[in-house]
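Could you have a look at this structure, given as structure tokens, before my questions?
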Amino acid sequence: MARPYVMPKLAMAMNEGTINEWFIKHGDKAEKNQPLASVETEKVSYDIESPDSGYFCILLQQGETTLCEEIIAYFCDSAEEVEQMAAGASAESAAPTVETVAASTAAVSGKVIDYVMPKLAMAMNEGTINEWLVKEGELVKKSAPLANIETEKVTYDVESPEEGYIYFIAQQGDTIPCETLIAKFCVSHSDVSALAAAASAPAAAQATVAPSNSAAKNPVTSATPAAASTAAATPVLAEGERIVASPLAKKMAKDAGLDLRLVAGTHPTGRIVKRDVVDALARGLQHAPMIGTGAQVGGIRELARIPMTGMRKVISERMMQSLQTTAQLSSAWESDITDLLAARRKFVAREEALGTKVSVNAFIIKAIAYAIKQVPIANSCQDGNDIVIYDNINMGIAISVPGTTQYDTGLMVAVLHNVERMGLVEIDIEMKALIKRVRNGEGTADDLSGSTITLSTTAGIAPPGLSTTPVLNLPNAGLVGPSTPIERPMVNNGEVVVRTMMPVSFTFDHRLLDGEPGSRFMSALHEALENPELMLA
Amino acid sequence: MRELTYIQAIREAIQLEMRTDDKVFMVGQDIRGGVYPHTKGLIDEFGPDRIVDTPIAETGMFGTAFGAALEGYRPIVDYMFGSCAFVNFNESSVMTGQQYFMHGAKSSLPMVMTCAVGLGKRIGNDHAMFIHSTFCRQPGIKVAMASTPYDAKGMFASAIRDNNPVMIPWHTGVMQKRGHVPEEQYYIPLGVADVKREGTDVTVLANSEQLYNVLDLAEELAKEGINIEVIDPRSFVPFDLDTVLKSIEKTNRLIIVDEDWESCGMASTISARVVEHGFDFLDAPIRRICLPNIPIPGGYMEDYTRPTKERIEATIREILQ
Amino acid sequence: MSLTTEQMTTLFTNLVRADHWGKTMYRRMMQGKLIGFYHPADGAIAPGVAAGTFLNQDDPMWPHHRGHGITHMLSKGIDIKYYLAEHTGKGTGCCGGNSGWHFSFPEDHVHLQTGFIGANFMACTGYAWAAKQNGRGQVVMNCSGDGSYGEGRSHEGMLMASIWKLPQIFMCENNGYSIFSPIEEMHPTEDIATVAQGLDIPAVVVDGQDVFAVAEVVLAAIDRARNGKGPSFIEAKCLRFKEHDIGNRDLRGWEPRQQEEYDEMYKRDPLVLATERVLNDGVLTQPEIDAIHVVAAQEVEDAEKFADDSPVARPSIEEMEAMVFAP
């Protein structure tokens, strides 16, 4: 019985791989652990070893590229089976974990290649097709822009992995789990028509979800998704004005949850007609927040109405999840950063030479790294039933981003990887570049995932001396929350002196670490903040 | 393929029914000689007892049919002109429609009423007016109009075999249209509309001479990529609403061409029913193209008071905006 | 043509029955036990009896609306209980309860009833044409009042009957009134029969209070019609004892009819006259007459029980919609 071999996901961020070279010939007998192929990912090349034994049926040729999890070969029990699989592959190209729409291939003449919702990030579970960038039945070139897909975090324009006439299974607006069939590439336009004819109903999301590989078991790090939500829409109508729309347009809008006050009618009389609704839905206006509608219920006037979709929805869910599924608690203290600020001034004076104006946050990150070295368990996450204490420190940095209107905001956690290896200046430079990327929507998957501990500061925004109880960024065990420093009279060597005190909170998950290590961590952090020279360690 | 004119097709339907059922007879004024071709010469085959001329006495003429129908005959009353059916309207509409129901749904009244209607000859209101909408009002009478020779023969035959009163006028403007008509007797059921041309962009309902206008227009507009779906309702009572609804589910737009006055015509009833049952399919208001509410002028004005191809085309373009 | 004893007995019996029926219907209407309205035939029952008694079952008849055709129909052999049931809105009625007060007995060739005066001329033309075509000697009895001869369609009916020599008898029951309108004001000649004569239809005028006199001329007309000699016109001058319909005043023009008129009329009660006749001629004895009354009373009583015990017809709208067209 032939066993499929898929393109392995060799890196967290790997989407597709190219066969540089097969180390085995089609039909040869492969032995377990023997070198099988040189596979190139977006970043590196690997020599992969055979996971199995058997007569090897090669489907993906040297030089060809395919998505991870796609079948690229079979381990067969006999030479005959090799040829069977080779012949059968032209009529059916499903990944083993994905069911295709069975009837649709019957009337099709040529080979059909499945296209699944790509897993664009380690943490991605599902994606929404904001827009197909090609028309159904169109001949799509390889690498041409194929679709604008929104994940829980980012929005990508994905490129076509194939060349072929495209047949849609999922439609614009559909949200599909990763690895699930969303389109097929056909060899001819008539095959697209045949598939369309065979499908008795739009076959969006009929395929079952593939159980993902180990990549999905990695901890979901970021609590916050990326921007790409629909811009706020102001109503087209003046307050109290009647909506004029055809009955069909009204029904379509109602069924889709689209508020017709946002839609401009293109009929010469100004009436909203079907094509206007179709257009508005394609632009995602049914998700748009609205401002200034003047809507009134029971004497309460609405200033704005913001649908909790996209990033807001995920924030809402993740916050609840964090608070309800952990035993988190916050402790707060104040650290004397007078000396830290003095040290910082020396760096700031050398801004040009250093290439950056070193920030207080860079110091805080360095201090956290110091404290983690003393108390490694503070740098841990829960993974299944295990506490995983990490060796490298990937600092999650909570940043506020614009919301969909002038009233609301979004929240993202940028992740600076491997801060334990970085100097203060490097931290500052990398952090600023990271935040800039994320704010511009250019954050990569790594920029937004993989944190082991998170920094969430309200310094500069909150009132001085604010003591906070920040919410854990799952699956991190700990979160450090500094806030705005305040001048206080402190006792130093028996004398009262004015010192700059920074309030710091540490939220930790008591399921993973207890008050004793938590306190030790806080003490270590406190020590580093008050004695910045320790950060040289 | 054998062709007949529309009026010849009617004649053949009557002739074949009269041959197979000796209870079928025709009564009218001057039908033995045949003012119109559909009765010409039938006297030679069937004799004066079955092709019956009466004095100019609509009640007497109609009553011959009405009473005979209750006594087991299957009469066809020929009013010659549609408006004449209004002379004894109390009998042709009220008494005819109410007969079966009011008397306990026991004995039926199998009679056919026919007459010429239609504009185009500049003969004025009394000879040209359409009567179908008015006959649709009294429940108990079926009302139909055939547009093509093929439909005419099949529908007249069905009307004669129907056990109910059927008013089936014919438009003088289509009487010379030629078309394929099979030689044998065949029956087209009443109450069934016919999609005469499939399309996607707008549904246009049209009957009799207007159907030909609309079909011509469909050919021309198709060259521009405008594809209209043309439906001939064929019957007004019973009316095949399902075919129309199915069509506008696809096209989302409806135009009704009815060569009858705008006020209280069948176009209004169809329009109301479509709104009641197909509201959510409509992307534009339903448009009726009817005669203005003016007694039909006999002069040259008749030409532009009728629905014209230009008017229909303009309406199609408007509805597609 | 003189009548046999048997014919006279039958006529007398039908007259008694008509009298009982008429009084019952009047009483029921006053008691609110009838639907719609009722046009009493009191005093004018003789022509109807004469018209219906000698018809065969397949002779089509249009009964005069006065007395709601009961007189004519019972004489023709129709079971009136089904008409009473209809008149009381019952599903067992001859029209299934659909009509309110109309009758239809197709097996007896009494097809319909309408409120339109003159409709009889329309339908009977067709009945008569069909009768002629059928060629088995059927005759059509067309009964209506003096007022109906104002309708243009009366002319058309007589015209067609005359030119085609149709086997139709025009029974004009001239009681001198149509609602409040005296015939003297509504017709130019003393006798309506002159119109018929003008259309070349043999016409007679007869005493409509004398059932036997009317019967004689009816028999002659039937004979003529059955033998292909065409239509006849019989003008039976009769008397309307009561108001046009119950609930309307009994006016002449716009003033109430006077007591003198009533007194004169009542002297010529058809049943009284007929009773005298059958006794005098030795056709029936008093006990026999009494027995006829008893049977008649029972007939009416049984019919009332039938009607009153039947359930009211209340078909749903869908059920009624299904009754608009025949299958």
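In this document, chain identifiers A, B and C correspond to the written order of the chains, with residue numbering beginning at 1 in each.
The rule is simple: a residue touches a chain if its C-beta (ideal position, glycine included) is under 8 Å from a C-beta of that chain, and two chains touch if they have at least 3 such contacts.
Because the structure is a prediction, the values reported are computed rather than measured.
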item	value
Farthest chain (mean CA position) relative to chain C	A
Chain ID, smallest distance between chain and overall C-alpha centroids	B
Between chain B and chain A, distance of the C-alpha-averaged centres to the nearest whole Å	68
Euclidean distance of C-alpha centroids - chain B vs chain C, Å	41
Approximate Å spacing (C-alpha centroids) for the pair chain A, chain C	96
Shared interface positions of chain A, touching two or more other chains	none
Residues of chain B that touch chain C when the two form their complex	49, 52, 54-55, 57-60, 62-73, 75, 88, 90-91, 94-95, 99-110, 139-140, 142, 163-164
Residues on chain C engaged by chain B in the complex (per definition of touch)	60, 86, 93-99, 102, 104, 106, 109, 111-112, 114, 116, 119, 121-131, 133-134, 152-153, 155-157, 159-160, 163, 320, 323-327
Interfacial residue positions of chain A with respect to chain B in the complex	246-251, 267-268, 273-274
Chain A contact footprint on chain B (complex, rising order)	252, 279-284, 321
